Amino acid sequence: MTNSWVDIRNANIVLSMGGNSAEAHPVGFRWVMQAKERSDAILISIDPRYNRTTAVADYHAWIRTGTDIAFLGGLISYLIESDRYNREYVEAYTDAAHLVREGFEFHDGLFTGYDEARHQYDKATWNFDLDEQGFARRDETLQHPRCVFQLMRRHYSRYSVEMVERICGMPQAKVLQLWDLLAQSAAPDKTMTILYALGWTQHSVGAQMIRTGAMVQLLLGNMGMPGGGVNALRGHSNIQGLTDIGLLSNLLTGYMTLPAAGAQDYRGYIQEKVRQPLLPNQVSYWKYYERFFVSTMKAFYGDAATVENDWCYHWLPKLSEPLYDVLYAVNDMTKGTMTGAICQGFNILAAFPNKAKVLDGLSKLRYLVIMDPLANETGEFWKNHGEFNDVDPSQIQTTVFRLPTSCFAEDDGSITNSSRWLQWHHRAVPPPGEAKTDNAILAGLFQRLQKLYQEEGGAFPEPILNLTWEYSDPAHPAAAELAQEYNGRALADIEDQGRIIRRKGELLNDFGDLRADGSTSCGCWIYSGAWTEQGNMMDRRDNSDPYDIGVTLGWAWAWPLNRRILYNRASARPDGTPWDPNRALIWWSGERWVGADVPDYPIAAAPEEDIKPFILSESGTGHFFASEWLGEGPFPEHYEPLESPIPNNPLHPQNPLAYHNPVARVFAEDRDTFGTFEEFPYAATTYRLTEHFHYWTTHVLLNAIVQPEKFVEIGEVLAGELGIAAGEKVRVRSKRGHIDAVAVVTKRLRPLQVDGRTVHQVGIPIHWGFTGVAKKAHLTNTLTPFVGDGNTQTPEFKSFLVNVEKL
Amino acid sequence: MRGDQINLQNIIARSATNEPSPQIRSGGVEQVTKLIDVSVCIGCKACQVACMEWNDLRDEVGECDGTYNAPQDLTPSSFEVMRFSEYENEEGDLEWLIRKDNCMHCAEPGCLKACPSPGAIVQYANGIVDFNSEHCIGCGYCVAGCPFDIPRISKKDNKAYKCTLCSDRVYHGLEPACVKSCPTGSIQFGTKEQMLDYGAHRVGKLKERGFDNAGIYDPAGVGGTHVVYVLQHADKPEIYSGLPKDPHISPTVELWKGVTKPLMSAVLGVSVLAGFFHYMTKGPKEEPEDDPDPDQAAAEREQDRHDEERRP
Amino acid sequence: MSHSNVRKGILRYGPWARANHWLVAICFVLLSLSGLALFYPAFFGLTALFGGPEPTRIVHPYIGVFMSLFFVIQAVRFFRANLFRRHDIQWARQIGDVLSNRDERLPPVGQNNAGQKLVYWIFLATVPVLLVTGVVLWRPWVASEMPIWALRWAALIHAVTAFVAILTLIIHVYSAIWVKGSIRAMTQGRVSPAWARHHHPLWYEEVMRGEKRGDESALPHSEPDSAATQRNRP
Amino acid sequence: MSVRVSRRQFLKFGAAGLGASSMAMMGFAPDQALASVRHFKLSGAKVSRNICTYCSVGCGMLLYARGDGAINSHDHIFHVEGDPDHPVSRGSLCPRGAGVLDFIRSDSRVRYPQVREPGTDEWKRISWDDALERIVRMMKDDRDRNFETHDEEGHLVNRWMTTAMVAASACTNETAYLTQKITRALGILKLDNQARV
């Protein structure tokens, strides 16, 4: 989230799209209801289903799954053409005025540089037109044909209301009504917040859907505003934290990236990562990349990391692919090129698409280690659970270890919520039986490995032998010790303008203290400040909100630097006065920035200095033009889901290459696992229910009671055609398999008119499996397609094709 | 602190008790009320789970009946359930009306009126109507008495159960479990006065948003309730999964537990008295003297012999 | 009183009739007690007789069913003796004389007078109603399957009917106490001829004429003339 | 009046003396009424603050445990409710959070290390030492056999591609950090988390 849960109450318009906030985050949703209550905000729900959010929405529309870019692209065009955007904001705070390099074009659904064989783009031309000093050229009038604003305008001019109706299946009148409502937040004293979740993420064009939302917010001047922002509600309790700490194939901590195989030289790697400003006197905070990197390597390898050995740069594994995500790993497993896997609290059999393929992959492993509090499906993939998991154990040669872990109630530590708050929690009781904390298990494994490498030697033992391990109980690193390690320490006295600001051994105050010379150690730079000399900032409990704007700086700690609303400089006009006096967040006092939040900005930089608010980006501006950051192109374009209920992309009916996302990742092995709409006529989407959490709560009696059995949602019209009555059993098939479930026949799903055809949508909750206390069921992911988004490789759980038959 | 309210002095009504309970100290006691704002409810069932968790109830793991209702109805182990109904309004727009169904804690409780076991059902001065399972005899009269079809008789122990409005929490100055858990603030708790004020405010807001018939559901037929609803369509409560439009204690029950009780008892008493006094005034019908006539006597003896012979 | 020359008196109720009557009577009393206990708070204490409130609730319907069975037998047994005759109407008209003990003015009646017959018919009417409504209300067996409106009506009807029945019972019992010699009839079975002649002249004469045995009407299926044939042996 | 009459009636039916006892029955002591309020189950419980383990709203939780931490006392959680001080949740919980007690105490909680041997159909209980020794041996054998120091183009890559690790979305940042350290030290690149699902 760019903003925070409580901040939602400051919005005038709440757009719930690509998510079902009431269903998935009921307590966070309280602040939507507060917005309605306090400031008479309107809630708009746009979803394939009339869902729990819609139940309390003021306006709603059915939309075909996977077509959000069309709706939002049309909105962008509508806002520009009807001149209903925040012009002052766009000029001052965005890249609208930047000129784009000659040669960049968009033609019949593809941007310049597409390589059909590799399904990749050569992004050379996707960049700004730079002047001699390497600064981007701008046309402040926004009139230049090559300026981002005009390119964007041209790009989305194709998204007419007629086109949106054809693609989304939303009647024009409804589209125009919603656009008009959304456009109201262009006024400086009106803000709109966008609440989205996996309903945008889990598409082959997921990342671009989210970008389109962000572009709308930039146009309307809602980024950085209280009650504004683009808010990823996020799924799991600490998924924000795991991502911050970089538990992804290509990441180090704090969103630093691991080197690619090509980056054979440390300097080159740093050069590439260090981002110099694209406009004069901008912050471009990534220019300090080396400070973050070196401090992290010092945290990892301590004294072994020296300037001479490039801080152990070459000890880091290097990538030959953009990502080695789970889909990639599973695909390798099925090819038999993998030996083992460690699943730490991750039920991949249930959670990943095409269960049959995941099952096949796991069956080809030599060993599988499960660390989990619960006896989940993945741990028992080898066990025959009748029709729900029909395998022959004698044919599966995988050795499976199941290690019992503690759960949240039995462990200390911090987790990061989607508002980026690091909140500390306290162990209440010991874990059951012989269960241990994850830390103890990881330590147990690592120390034994280390011992073996000391005794026997082995492949490249240096990193293992030199990994820092300064924990008072080496067998059980304490949460407090680890927190202090990622917060960072001074390894020598740190000076700033000649005076010592940190003594050797002291905890760092924030990442401003970091040095690139090895005199600081910091495990995760963005978390620097979480545990300082003042103590554990994550355990603070002051919930006071002195400015009554929903900012509680004394509660826990938020990264970066305890800022609660990112880009909050943009909540004030260029001259430093708030856009909306009733929504003042920070403002220029005359000598510094003051207000309710910690300024996300150089504290003493006067407005005249024209330092732009988005200090992480190279030009300090919000970006309509994504340059080479995303795979599909600088401007989001609508592409059909890999399994689409219509025969072509109405925007480019003639170009088969532009039917689906041209850079979506599909493994050769899976090409024939995709169905067509002739065979599987109905558009399906999967989702969570409020009564359940993924596959955990099927083990929780209380939740099993209030939502006991697997069901699928079918519209009354379709049910009528198929002769299905509510409560009857149905079988849902996709090209990859079938599930059986009870039919919930509802008015809340309606057939949509899409490009001249009637499209029925089927809703399939993901919950219920073959373990636990709820009714046993097939795993929903038996049905879903094995395809990755063009940037994040997120599976397309939200749009695929199925057929439905009555049992 | 509300805890002071619940003692014998503050039980203002007990089932099957003619004598009034001590009332004198109920004067200053707050009338507590739970308000359920249906227009804010997302049907997440947090209240349902919190209720089971707090009250140490675990219902059966049932089945999906083709709706979101689970469990489908109140049970001895489900003091409340959410009832979902898909309603198409006059404009043809779809509304998903979700109602939390539980005991309404009537000011004039039909269950209490019908209950034959003294103290099995009590009404506190704060308005809570509570079942005391210790005294419940499992006759099920409360089921017949309740205008809202709330009480359920357990097959395990043949006792009646229903929502207590968490009288144990309220006793200790806490809000009911469902109220505390409610994520969206659809369930509120306070004095009846506060809740009616808040309800009126909410109704105003709803009218601003075009719900002209929004209103508070606090049915007078049962003397008002200590659980009140805010409805978008207060003119049609029945569309909320059959919320009764004008609930009141059934006339049959009124008759049965009303006038008939004392009347019949009195008549029975009077009839006995009448007998007694008749006996005193008119005296008995004495055994008549035997007839001295010898033939007659002989005939009788003969008759007796006959009888004797015939006796097996 | 002395019956020096009457060793036994006239047999009015045979042993089976008496046993049957008292079975029904005891059940009825228990039902009244337990019923009243659950009906009106003031009577709740009666539940102590049955081992507490819940046992009372449990035992009441079983006694009810038990009683109903024997009541059927009794009803059949006493059926003929309780058919209304012309003279009964006259007797009923003079109820004032009956209550004032001016028996000499009363028209002669048969084995049962109008009052006794009325009692018979009232019980015949109320018991089945009580049985049916009682079953509807029976927990845990039946009531849980019944619609609430049925429970409500059953409860009301059961109460009112029981009231009528108990009232009748009170009159019945009082009459027995009031008319000396009656209790003996139902306890020992026999009445003095004088009693018979005084209270039930027609019946007395029938018996004297040997046309029938005194307790005949208390024997089911007894042929009208069986007594006569039996007496015609040497 | 009806009470008195009714008693006469009992006498008629020979239930003499019942009256007195029945009056006793009808009288009731205050405790009967008080009993209708359930015992307050939180009295004396040990409270710990926590953050909900399910979604990313991060609601505050109060965990109520029996036992005072004495050496002989095996504390266990018997109730969970929302933390009213928490600025986001303000005491409320969703149905998952409200039911988390049954997660903590779920019958599905694994209680001791187990192994499933190749081709078999059952779990076998083993000791922690056996489990960890065996796992580490398999890991090291695989790493030593398949560690890549250079890729096809001869680039120095130092990676271990044949064992994957997926990390827990519910574990703490501290555990996550330890996981990051260890996996990278081992050269694991196939590392992922639930960010996508």
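So that you can tell them apart, the chains are marked A, B, C and D in the order they are listed, and the count of residues begins at 1 in each.
As a convention for this text, a contact is a pair of C-beta atoms (placed from the backbone, for glycine too) under 8 Å apart; a residue touches a chain by one contact, two chains touch by 3 or more.
Just so you know, these numbers come straight off a predicted model, no measurement behind them.
Enquirer: Does excluding chain A break the complex into separate pieces, and if so which chains end up together?
Expert: Once chain A drops out of the picture, we keep one piece.
Enquirer: Using CA atom means as chain centres, which chain is nearest the centre of all the protein shown?
Expert: Central by C-alpha mean position: chain D.
Enquirer: Count the C-beta pairs in contact for A-D and for B-D, then report the pair with the higher count.
Expert: By number of C-beta pairs in contact, A-D is the larger.
Enquirer: Please compute the C-alpha centroid of chain A, do the same for chain D, then give the distance between them in whole Å.
Expert: 27
Enquirer: Need the CA-centroid distance for the pair chain C / chain D, whole Å please.
Expert: 68
Enquirer: How many angstrom lie between the centres of chain B and chain D, each centre taken as the mean Cα position?
Expert: Taking the mean C-alpha position of each chain, the two centres sit 37 Å apart.
Enquirer: What is the distance in Å between the mean C-alpha positions of chain B and chain C?
Expert: Centre-to-centre distance between chain B and chain C: 39 Å.
Enquirer: Where in chain D do residues touch two or more of the other chains?
Expert: Touching at least two other chains: 2, 6, 9, 12, 26, 89, 92-95, 97-99, 101-102.
Enquirer: For chain B, what residues touch not just one other chain but two or more?
Expert: 44-46, 48-49, 52-53, 118, 135, 183, 185, 262, 265, 268, 272
Enquirer: Among the residues of chain C, pick out those that touch two or more other chains and give their numbers.
Expert: 36, 40-44, 170, 177
Enquirer: Using the touch definition from the top, list the residues of chain B that touch chain C in their complex.
Expert: 16-18, 114, 116-118, 135, 137-141, 143-144, 149, 153, 155, 158, 250, 252-253, 255-256, 260-262, 264-265, 267-268, 271-272, 275, 278-279, 282-291, 296-297, 299-301, 303-304, 306-307, 310
Enquirer: For chain B, which residues are in contact with chain A within the complex?
Expert: The contact residues of chain B facing chain A are 39-46, 48-49, 52-53, 58-68, 70-71, 78, 86, 88, 94-96, 98, 183-185, 205, 208-209.
Enquirer: Can you name the residues of chain D that touch chain B in the complex?
Expert: Interface residues on chain D, with respect to chain B: 1-2, 4-6, 8-9, 12, 26, 28, 30, 32-42, 79-82, 84, 89, 91-95, 97-99, 101-102.
Enquirer: Within the complex, which stretch of chain C touches chain B?
Expert: Result: residues 1-8, 10-11, 36-44, 53-54, 56-57, 99-101, 103, 137, 139-140, 143-144, 148-149, 151-153, 155-156, 159-160, 163, 166-167, 170-171, 174, 177-181, 192-195, 197-199, 207-208, 210, 213, 230-231 of chain C touch chain B.
Enquirer: Using the touch definition from the top, list the residues of chain B that touch chain D in their complex.
Expert: Checking each residue of chain B against chain D gives 6-8, 11, 14, 44-46, 48-50, 52-56, 118-119, 122, 130-132, 134-135, 164, 167-169, 171-172, 177, 180-183, 185, 262, 265-266, 268-270, 272-273, 276.
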